[in-house]
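One chain, chain A, links the two complexes that follow: it is found with chain B in the first and with chain C in the second.
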Partner chain A sequence: MKKFLALFLALILASVSLLSFAGCQPNEEGEGESNFKVGAIYINSKNDTAGYTFAHHNGITTAMKQLGLNPDTQLFIVDEVPEDKEQVLAAIDTLVGNGVNIIFGISFGYIDAMEEAAGKYPDVIFSHATGYKSNETNFNNYFGRAYQARYLAGIAAGLKSLETGNNNVGYVAAYATEYAETASGINGFALGVQAVNPDAVLYVKSLSAWADEVNEKAYANELIASFNCGIISQHCDSAQPQIAAEAANVFGCGYNSDMTADAPKAHLTAAIWHWDVYYKTAMQAAMDCEKAADFVTKMGGQAYYGGLKEEFVDVSPLNSTCAANTDKAIAAVRELIVSGEWDVFSGVKLSISADGTVTKSDAALVDNKGNEIVAAGGASVADGVITGTMNYFVKGITWVNDPNGSTTPDTDPDTSADASEEVSE
Partner chain B sequence: MDKIGVLTQFVYNIVLLNIPLLYGTVGEIMVEKSGCLNLGVEGTMAVGAIFGYIFGCYANSLGVGIFSAFLMGALCGLIFAVLTVSLQANQNITGLTLSTFGLGIYFFVGHSLKAKAWPVMNDYAGVSEGFQGIQIPLLSKIPIIGKGLFSHNILVYLGIVIALAVWWYLNRTTLGLRLRAVGENPAAADSVGINVKRMKYLHICIGCGIMGIGGYYMGLNMSGSFNSSCWINGYGWIAVALVIFANWNPALAILGTFVFGFFNALPVSASSLAMAFPKGLGWLAAIPSQLYDALPFIITAIVLIATSIRNKRGSSGLPAALGLNYFREER
Partner chain C sequence: MGFHIVKRDNCPLWQKCCLYIGAVLLAVVIGGIVLLSIGVNPIKYYTRMFTMGMIGNRIAHVTFMNYLKKLVPLVITSIALSLAFKMRFWNIGGEGQFIMGAIASGFVALKWGNVLPMWLSLIIMCVAAMLAAGLYGLIAAWFKVRFSTNETLMTLMLNYIALHFLMFLSERKEDWNFFLDETSARPKFASFSQFVKMPTIKIGAKFELNICVIIAVLVGVLVFLYLKYTKQGYEISVIGDSVGTASYAGMNVKRIILRTVFLSAALIGLAAACRVGTAGILSTSITEDVGWTGIIVAWLAKLNTGIIFLASALICVLQQGSEVAASSFSQVSSSFANMLQGLILFLVLAADFFTRFRIARAKKGEKNNG
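On to the complex of A and B.
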């Protein structure tokens, strides 16, 4: 009897814990304004209040409200889906079973599952963030020119570094040059910093993981304490680097969402995404489609790549911690980018003075090993390079995980002003 | 680069990032000394973490947080004790279930609260100021190890004190002796009038309570920012292995924590060590980070091999009745 009771209790325990894991049931069905149903697969929880998944969830719900759709009844979510093909396919099956018209997958690793499912379910539209695969009918990918927003955030960081007199800028990155997504973001930020402060040196410490909260904080602290960094930027999901900056009385630039609330005394501005811009466009197109196969044609191509001009990426409202004239300088550069007059990875360099005036000059874009990427005065590198093949860091960046792999080993953070010229040798 | 500063920061990280291991290990030693193998350390720490953090913030008091973390950890211990001591359930299975259960509770409470009103640590001065580093007079002025060892928050010191107290309790008190007797041979202990059930219940609950405080530490160290990944992050599992490394000796657990801590903190400090000492330690930067991630577990395997060799020589602190349920009627 006792053993039976023990088994029974263990069963209850196990089932309760299983239940509590299953926080991923789609929202209940109800009456909507139309029959259009949206499906979404998230890497983290839909209840997050900051970070990558939060930004997407916010974008999807905002877009739905703008289109008169009800997120409570017309949005179906499977969240906390790891980048595992079987599990993504299972999530897609669940959503298709719910009768959704379009499925958004927000993480890079969903790519193969979404490609397979697009063939399996031709009546459903598939839209994949950050990837590169697509077909001519019901499967596209979407991403944004985050490097443009990074450049603007870099300007804020550069002006702050002039104000504090500390030329060392730290950057906690998920990955370094392994992914064009991280490399282009880091490069864009570095060029923004250097446009203001040519002596600035960027120290990048990479996690080799998209999310690792414990180390995100520890790495930020290491950059502050050992590399003497006065500004911490980041390409990772949590606000831990900004929280670390706040605790150490230095400054920082967040990513994905406005992190001012997490670090009110440290945060300058964050490179953010207005995912609702894309989601609204995509949902509108999907609703206008007679059949799912028309979607890619309706979107005008297999890949959507919006930037500052589309207001797809931006910087968050400047915090009061920003140096004087930050708003002026950022507005001027934004104008150059939006008008199409200038772009970040080109042979034309911007110089921004402390009073916020911007001047253009021809200068070659050089990587941190001294190789010329774009000749002085040359046009911007192709989009395919920025999204796919950018596997180098520009001059002035030290990847501290493997400094020998990217720059001269003896760069001394304490005398970075002198060292920055040698970095490219 | 400031070489002294880099070394100081490295020592500081070894302590700061790894104290949860000490709490987990010491708690597990106490549980195992009663003859019960509780594999639910990870879940127990998670439960202690989430409730300690929430109650601590609502009461705006670090003390309340520590107490609630202990209490909720002890409650997990109570579940374990009811199942394994009274109901004779398999200890391994129950422990694993408790891990899953604890993590489930952690995410369940965290997510549902996050959707409504998550307490932000900085808003609660009683907690955030209580967690600030405390400079120990004189000792904290020593170069390198001064800041590295003697400028930490109160929970670091509390962990060391608990470890030493548990060592004293196990080896220098009558109750501790009785507990060890229960772990070695419950039938013999029973025959001389020790209440085996009561001893097991008491120590499982206290041990699990200690683990809960370790979880709370981790929550505070992450500044209470709840973001989908668990604060405990595998510390509970390493703690189970650390018990063997420490040979069931809470004082040795302090050493074990720092040895494991060394390898845990290495990926954080590797790049600065390599830059500060390019000639001697430059090679650190060439090690891929994935290898660093695997290091604590490789070390665990090595430790287990070394321990089993040592055990053959007969100096093990392993309680003889560990993992075996005691059923009085079968005596």
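On to the complex of A and C.
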């Protein structure tokens, strides 16, 4: 025991002396582009070859190369960091210790740690994906209008449903109305389908997990077999729903990456992200900043919410399986959205005919319980609703495993009435 | 001509030390070969890893504070596990007991953190965590003494029940669920009041020593004394050697098992309270796997309380250091630490073998009785 104590004390002494030595080291980091260092915190491994972390890593390295930065020497990553405040804070300390200028955190649960660290390290820029916290100086958040890309994918699905004559569309989703992220995506897709095929109905089955390959496949099969769905869309990590669609000889729309290779006969198009668009913008802004506190001003706001216009989201190249005129219809709607003339969740509805012509008409946006979300002709719902409180489905959507009972909420208008309040928030 | 294994009785201490240190070094060398094979300079990598990147780091003191934060729960958990292991009660349920302790202290912090004075809520948090974890551990112990169930399986399964209970709390946005942050549309755990925070002692200009470090050292000393000098500690080692002997000597084996497992699990609860009280928030990965790593540490240290401090200090350097090192080497993932940790365990176990046996060349004509 004595020996051990002596050893332990020696260890402490050694560490303390190391500390004081280290404390004396001057910080020799210069300023300027050649010394610009990027930090990133990932939820999964940086060596992933598919999925969410891969998409971000790919975006960051692509952006760095475009800006003439070298990811091998100027990018510092702490990966496999769970959504645990202490562990995220430790990861941030590690990155700051490496002298990074900007830190990207890609997972929602990093939110509290990033907020605290932004106060603790005012000379470092913090940028948080999918979050809602920020400050006026060195901390912003970023996300994209995936619902716009989903709407375009919905058009492809709608035209296909007209061609096959099957009005049932299935949707395997990580979550349903619990998260605005999933609900807005499902709603956007449904509205796209309905713009082409007003008789189409959407069946959503939720996984209650962001990634669950086994059930992603099983649920897709169930939607095809039990609900007679002719098209399977998805909001989940793997291509399993598309593979299931391929095996069942139906069609599908993927997510996150072009899934045509996984399901060459079934896949129509996928809603995809170009994360490099944001990362390039943010890194450029950070390099242009004289001090970290200017970052939010330079970015033009505390929340970056890019869409089709910024080419932050898009649909993957149309597969040859798509119905005729899909490209024409999508191009026309894209033009409407990019020009700012029209947006998805508004009181103006698009009608797209089988030959690809698009006509606008005023129509109220109604949820699947009969509540009016936006009056006919009204403006689009606020971004804060789309990212934060959109916890309802639009008309024509059935959540088949809704824990709160009724699987046919369309015919049951008086079960809940709180959804209409959301617009005002 | 062949080899056979011969039992050896007296392996001198210096030889043991050499064997163990050699095993660790060999693990590092094998790790170095792996690093080389993916084009990373192992010397550069290990330098950063074993110094945890503190050299030339303007916030080295923060790195060291983070290191201690990681170390405390691991040390306490390992010591707690060694208590049960000494009795040959295979408590694989450290994770579950830790989680139950974390939930209990989170409950106290979120329910009363705002109203009670800080010292009181922290003490109640610790007590609640110890009770919750202790009782959770007691489930498996009770089944063992009552129905002779297998405690390894039982404690293992209870881990997953606890984990999924915590995940349930983390996702279920309902009015009753005060564990969640009301202001967030997306479910996430609520932060504790600023008044619920383990206090720190300022040493020097920048360094702050968390009180939990002192708690961990105290736990170590107390458990050491308990095992070495008390009747109860003696009973534990007798049961560990032979339940039959213990019964014959008139010990109430069932009671001792229940008592010891409760104590072991309660200490794990204390580790959880330290972790939660320092973090100020719950999370579904609050355990940082200490329930598993603690098993490795306890065995590496051969259940020796003093060595547990050393072994967990080493394991934490590996974990924290490899996170730091991996951050600047794009080819290496932070999981490198797990590989190295596994290698060290394997090789130390192998070294262990050589402290008790030796391989001898079988001579012709000699009777092979190894």
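Rule of thumb we're sticking to: the second predicted complex is superposed on the first by the 370 of 425 C-alpha atoms of A that agree within 3 Å, B and C clash if a C-alpha of one lies under 4 Å from a C-alpha of the other, contacts with A are read in each partner's own complex, and residues count from 1 in each chain.
The criterion applied here is as follows: a contact is a pair of C-beta atoms (placed from the backbone, for glycine too) under 8 Å apart; a residue touches a chain by one contact, two chains touch by 3 or more.
As the structure is a prediction and not an experimental result, all values here were calculated from the model.
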Looking at A:Gly300, would you say it contacts chain B, chain C, both, or neither? Reply first, second, both or neither. neither
Give one of first, second, both or neither to describe whether A:Asp93 is in contact with chain B, with chain C, with both, or with none. second
Which of chain B and chain C A:Asp402 touches, first, second, both or neither: first
First (chain B), second (chain C), both or neither touched by A:Ser45: both
Contacts of A:Glu80 with chain B and chain C, given as first, second, both or neither: both
In the overlaid three-chain picture, which partner chain does A:Gly119 touch, first (chain B) or second (chain C), both, or neither? neither
Which partner does A:Gly377 contact after superposing on A: first (chain B), second (chain C), both, neither? neither
Output check: A:Pro317 vs chain B and chain C. Expected answer is one of first, second, both, neither. What do you get? neither
With both complexes superposed on chain A, which partner does A:Glu222 reach: first (chain B), second (chain C), both or neither? first
For chain A, which residues belong to both interfaces, chain B and chain C? 5, 7, 18-21, 23, 45, 47, 80, 208
Complex contact set, residues of chain A against chain C: 1, 4-5, 7-8, 11, 15, 18-23, 25, 27, 39, 45-47, 71-72, 75-80, 82-87, 89-91, 93-99, 108-109, 111-112, 132, 178-181, 208, 388-389, 391
Under the touch definition given earlier, write down the residues of chain A that touch chain B in their complex. 2-3, 5-7, 9-10, 13-14, 16-21, 23, 44-45, 47-51, 53, 80, 205-208, 211-215, 217-219, 221-222, 225-228, 237-240, 243, 246-247, 261-262, 400-404, 409-414
In the complex, go through chain C and note every residue touching chain A. 51, 53-64, 66, 69-70, 171, 173, 184-188, 191, 204, 206-207, 224, 275, 278-281, 283-286, 288, 306-307, 309-310, 313, 320, 323-324, 326-328, 330-331, 333-335
Give every residue of chain B touching chain A within the complex, in rising order. 1-2, 5-6, 9, 13, 17, 79, 82-83, 86-89, 93-94, 97-98, 100-105, 107-108, 111-112, 114-115, 118, 120, 122, 221-223, 225, 227-229, 231, 233, 265, 267-272, 274-276, 278, 282, 285-286, 288-290, 293
